[in-house]
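Each of the two complexes below includes chain A, the first together with chain B, the second together with chain C.
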Partner chain A sequence: MLKVRLRSVLTAALAAAVLLSVVTAAPAEAQPKEVKVAVIAPLSGPWARQGQLMQMGAEMAIDEINEKGGIKALGGAKMKLILVDAGDTAEKAKNAAQRVLAQEPDLVGGTGAWLSSFTLAVTEITERAGVPMLTLSYSDAITERGFKYVFQTSPTGGTQARAALPTILEMAQKATGKKPKTVGIIMDNTAAPVSFAKPMREGGLQKLGLELVVDEVFTPPLADATALVQKVRRAKPDIMLLLPTSVPDDKLILEKFNEFKLGQGRIPLIANGAHIGSPELLKNVGPQLLEGLMFIVANWGVKGQEAIIERFVKRTGEPWITQDSMTAYGDMWILKEALERAGAADSKKVAEEIRKLDLKEGPAALAFPGGVKFEPNGRRAGAHLVIVQWQKGKAVTVYPAELAVAEPIWPKQ
Partner chain B sequence: MGRRSLRRDLFAIAGIAVAFVVALLLVESAYYRLILTLVVIWATMGLAWNMLSGYGGLISFGHAAFFGLGAYTATLAMVQFDITPWLGIPMGVLVGMLAGVLIGLATFRLRGHYFALSMLAYPLAMLYVFEWLGYQEVVLPMKRENPAAYMQFSDPRVHALLGLGLMVLALLASLAVERTRFGMALLAIKQNEAAAEAAGIDTWRWKMPAIILSAGFAAAAGGLYAVVLLVVTPPTVFGVLVSAQALIVCLFGGVGILWGPVIGAAILVPLAEILHGELGHVIPGIQGVVYGVAIIVIILLAPEGIYWRLRDRFFRAAPMVPDAVPVATAEAAVTPMRSHRPLLVLEGVSRSFGGLRAVDNVSLTVEEGAIHGIIGPNGAGKTTLFNVINGFLKPNGGSIRFDGKDIVGLKPNRVCRAGVGRTFQIVRVFPRMTVLENVVSGAYVATTDDREAERLALRAIDTAGLSRAEAAQVASGLTMRQLRLLELARALAGQPKLLLLDEILAGLGHAELEEVIEAIRRVARGGTTVLIIEHTMHAMVRLAERFSVLDHGALIADGKPLDVTRDPAVIEAYLGKKWVQRAADRVA
Partner chain C sequence: MGELGWFAIDFLQALITGLLVGGTYALMCVGLGMIFGVMRVVNFAQGDFLMLGMYAAYYVATALGVMAVLGPYVGPVMAGLLAGPAVFVVGWLLHRFLIGRVTGVAAVGAEAEGHYAQIILTLGIALVLQNGGLILFGSLPLSIPTPMSRESWEIWEFLVNQARTVSFGVAIVVALLLYAFLKRTPLGKSMRAAADNPEAALYMGIDVDRCHRTAFALGCAITAIAGGLIASTQSFQPYIGFDFVITMYAGVVLGGLGSILGAFWGGMTIGLVQQLSALMLPFQLQNTAIFVVFLLIIFFRPHGMFGRSAERT
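Take a look at the complex of A and B:
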């Protein structure tokens, strides 16, 4: 009987011991004269690469800021980057945010968390703690919650879906002098393209006077793209939207386009999302197939950023700068500007200053073409889309003209 | 199972709850409070999984389906109809339970790996459905006014306490399952579904409430998870990781025991977080490697989970078997009057497998109180005939009347309830249960009272000739004699009118053979009719008072043992034509 009672006591004791063991890890000690800012991004899991790109951008900005004398309003205090792995689930991202706030109570702000669902989870924590978070995530929901401490630097998903086609049409008209009349869509049935194409199908195309001549939806993975591309060859749309979400499918379709002599910009192919411009895609697919492919994105290396890009390429060995790095770079500069104005390493005051910012020049304004100014809901005013095109193995901005670093290759029909 | 005292278990649950509250009060940081909250949520999820898969052995790779439905119901109720999670979570539980019924109806016809793999499909399908419906990212809106009415507390410890309450409920439910015939039936199903059916356990009737209960708790855990996380996306609630987490905390902590998931969650959830927090930004991804290695090591060292390992190592208490001999019915004294009433009547029963007629137009009458032997060479169709009688197989034609009623088409457990018990040629016991528990599971058909069931079981054990010491042994370590007697006792405990014994004498040595034969005689003297299959003529001649001989599925002789053994057709079937002549010469 004694033995038996011992067992239940032991069970309870074991549970208690484990629970208590959680308590023991002490929070890291704060060092004086440092202002802490965080990058909360996926550094492990399927989105680790994007997190690393953000880290590179943020580190470059921090180094530049500190080399130039730190935060002058705080007596030259250095900025210190706290790197937080958001992992591969929203739960981990939320835990990460809670952890960094517990361990770094003097955090003044940060950027993150790349994936919209992560950002939503992370900002639930930072909002309650009153710590400003800047984000490049697209989801409209991020700034629809009435939050005061989240700042969205990219145009939202909804804005992009609405603005994408008019932007493409503008560019087409500038390139050819004619208004395109027909459009084709090839997409898979995953979430991103479905929500991107929905407003277009539901009257968006009609309003722009476009006729949908090819409309193909497939379930990934694609086994053979022949049938799809044959339809495109028959219909010859003036512009072609290509919205698969996986690299193998991208590759299969692009190969077919080339085989049918429709590639290399003979039919303007337009994709969506920054992943189309990643150096990995170049490695996987090769420059020939990509040549002429365009994509719409919220931020890219544009005219005026040449110096930043050059420093970045030199520093990291990356072939060019992507949206992830450029945004994280700019976010750090936004935090720096707000700190200078707040004159205190206080997250609420910093947030207050971010709300009042109106930057037209300086590194922050360079990183975000159109300048840094936030609407009351936290969205960056004047955030607009750019179109990037693969040209000779490089993804270069071709539209709008004031930001373009190259002329678009567009078939003169 | 079922031998721990109830008070001690309740005490341990209270102990865990108090330890949790103390930890919660000691912890200063909101981060550790969040981790504590996640511990109880995942423990609840593990307990939910354990109710179906731990006790019942119906391994589910798809508990995320219920978790996700609970999460989405609570979330969408709040987002679209402004219904507070206080109501939304119970609604989610209902939705989860309903899904449990539908999934059960569709999936319970599958067994083993097939069941596990089809369960995998449900959350994956739901994941795409919810993406397609446009619920890629749903946010529970922040309520600045009256937040507590929407389960949004300024002090996040309330979430942890809510989670604790849910976990305690799940623990109590698990306790109720473990300590009643519900748990016993599930355990029997887990160990051998066919034997459970033959022992009169309506497996369908027990699997259904198990999945409903399990789904309900999984949905509640999902609902609370959504409230804590505030963001719901299909991958986070329907993803494979969710199902895996439920499974892992159980496998790690201990399968089929209520403490298992609690131990698993209390160790693994903080471990994963600490690894993530300490290593995630240093060597990205290394936390997953360390976590995975930790799990592999534990599974290698403790294949059934930490709890069982610790118990086997330190607390191996001998199971208690009541010493008090139940009213030993003086069965030997009462030799009931033989009524010669037909108890089992087969008329023209046939069963084919493709072109093979395994049982061919067999007509046969078993009289009440008899020991009736069915003999025949290997492959004569004897076991098939038994399977047809007890409902594992449906006859292609003919009628089977038992005790005046037609039993064709009844499920095995129904046939058992009607009064037909059976044993198996290949022993089918429940290896992790003790002998007594094995036999008790067979007694449930005869009574709804658990105490009465134990009394009947003990009497059956006595009749079979097993000792009390043997009754306390775990079935996995028994000798062939003990296994045969155990099967006999288990079948007998259901108080059958007719007992089908399938080659119960096979594989026994001489002394053991005598013992089992004596046990069978005791059974018959007790008034139970025995129909026994054997292919060795030798023992049967002494045991049975009537023989039926099967060959190639057909009945070739029927009568008194002596007459049958002299029948030329029987000798031919057994020994070949040459012997028929020799036998005839000898008689002459």
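Take a look at the complex of A and C:
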């Protein structure tokens, strides 16, 4: 008897609770639904640091957007960041993309996946789902597949090499009075350096009047750089292109240059990619070995971005902003602008609007010097590249002149 | 200098580098070889004990102030050595509470003598250590800051990296000490007895479980010292173990499974092949060369360089 009564009391209580929750939930419904955007990047594995840098940039943008009232065209809807771990292999990155599309069917777009080979895999999935992906990856192949939903904000590796080298040679000539005649390449065999070096080997260097005297390719991770640098010591090229893709390999090579008495400007070093300008490289190698090292990168802290950099440094405690964070920050603002124009949280409409964007001002245009406008193949029109140099323990932009925060110093032998 | 003279210089430079790199490889292989030799357990987490050794050395050097007291030359070496005892404790506890439950006496009568459970368990420990490492230590690549990694001693035409040379010396000393420990001390002797025939050792009153625990902890500690020494030449993050674990397995199998001396020479061979191959082959085939030599040795000597052709009785 007691049992039955207890049960009916419980049922009644439950019904009341459900009713109550429905009633209290009702006003919350009036809030516009959150708009979901993704950062698909390595958050575990050897590239975890790069993913975290992207996360920091994206979170800063999302907080700013939401503080300023969210997406106005959607009644002030807030943007919500979905973090997706791309792991340490292209396979895991692809699975991560599949998973997030299944779990978040209302995802409107995203950015990722840092490493070119991961981006190639991830965009195979997002393309089929019609979800726009922005990317900072360098490989030319990303936008050579005729895809409609991938937007590459960086100049491609090939473009960077073609555009930057003549400038660097000019700098050398101005500083030393003679043009460099010989060049060496040390690179790893991942997608970004391969696409950087390809046009150089295929006649690019010849056109610049450079003879390739050292050409060494290694499979990362490097165990020891002695054999590589021994060849450089023998051939003594006028300039060296260093194209590894990770801080541990950078450290081994730079220290070996120093050990073999070729470092600290005795052979001018030109590198590529954001890792070589990262605070962690400074911590691992020290300012002395980095002094004078120049690198070509798709985006860096430049003139005009001071306010963004200041906010970033204040909120994260990082000493400066790198390409990873700046690009993720800008990507979120691009998605925001596209959402405002689309007026709907629909990925295909958002992609449509990204294709039509032509931003000359605002945070998105600030994050990407040269403005935000995409060519039909998905590459950003007029994507500037930046040359950065290590000067007194800081990586500062030295080219192009209108964006530079310091004068380039050509290391003199 | 003629073409031949240059080649001789390049060859000797590669030989020196190969020996120096091989020395630390040899030490980490000895750690793995010891665990397999005594316990017959394939430890998939060995690379991650190497990683723990690197972080232990880093924090001993910086946070505990060993570098501040002993300076940037002696400090990193001392820190590398101190990584050993730190990881010894971790290994000891892991064996006491986890590994011991699926190995040794506990594995008698289990399916495939407990090997399935051992593989799953050590793989699981590897994953926990890697991802726990990411949470605990963060993703920033670190290294012990020492001028030794970027300076060299110049001997005639050859440049000998200071950090690698010191690491090589320490690795050899540690390996010799281990050898003496196994040959001379009562505990070392009982460990060898437990390795040769656990059942007979048990009848003779040897605490086989204790021997296993010591072997496991010591194996982890020795690999950790190798890691601690490498930490001053190379930068590392929580997933670094994977870069070395394949080298370690190849070294141990190359030397002959179960032989600690074999593991030492196996590791050394890998270092030499890796560096000397760059003289003739494209640099990116370094690791391919290692495995070609590996296959050749296994083809002609299926039990490795120092393996016994007859199964243990």
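Just so we're on the same page, the second predicted complex is superposed on the first by the 286 of 413 C-alpha atoms of A that agree within 3 Å, B and C clash if a C-alpha of one lies under 4 Å from a C-alpha of the other, contacts with A are read in each partner's own complex, and residues count from 1 in each chain.
Just so it is clear, a contact is a pair of C-beta atoms (placed from the backbone, for glycine too) under 8 Å apart; a residue touches a chain by one contact, two chains touch by 3 or more.
In this text the structure is predicted, and so the values were computed from the model without any measurement.
Once the two complexes are laid over each other on the shared chain, residue contacts for A:Val247 go to chain C alone; chain B is not touched. When the shared chain is aligned, chain B comes close enough to touch A:Val84, but chain C does not.
In the superposition on chain A, no contact is made by A:Pro376 with either chain B or chain C.
Once the two complexes are laid over each other on the shared chain, residue contacts for A:Ser44 go to chain B and to chain C alike.
In the superposition on chain A, A:Val217 makes contact with chain C only, while chain B stays out of contact range.
Touched residues of chain A, counted separately for chain B and chain C, are more numerous for B. When the two complexes are overlaid on their common chain A, residue A:Gly75 makes contact with neither chain B nor chain C.
By the touch criterion stated above, A:Gln230 is placed in contact with chain C alone, chain B being left untouched. Of the two partner chains placed by superposition, only chain C is touched by A:Asn284; chain B is not. Of the two partner chains, chain B is the only one touched by A:Ala141; chain C is not. Residues 44-45, 48, 51-52, 189 of chain A touch chain B in one complex and chain C in the other. Of all residues in chain A, only 3-9, 11-16, 18-23, 25, 27, 43-45, 48, 51-52, 83-85, 87, 89-92, 94-96, 98-99, 101-103, 116-117, 120-121, 124, 127, 139, 141, 145-147, 189-191, 194-195 touch chain B in the complex they form. Only residues 4-5, 8-9, 11-12, 15-16, 18-20, 22-23, 26-27, 29-32, 34-36, 38-39, 131-132, 134, 136-137, 139, 141-142, 144, 225, 229-231, 233, 235-236, 239, 241, 259, 262-263, 266-267, 270, 273-274, 276-278, 280-281, 284-285, 287-288, 311, 314-315, 317 of chain B touch chain A when the two sit together in their complex.
Residue ranges of chain A in contact with chain C, taken from their complex: 44-46, 48-49, 51-52, 88, 189, 216-219, 221, 223-224, 226-228, 230, 234, 246-248, 251-252, 255, 258-260, 263, 280, 283-284, 286, 289. Looking at the complex, you find that chain C touches chain A at residues 6, 10, 13-14, 17, 21, 130-131, 134, 139-143, 145, 149-152, 159, 161, 164, 233-240, 243, 274-275, 278-279, 282-287.
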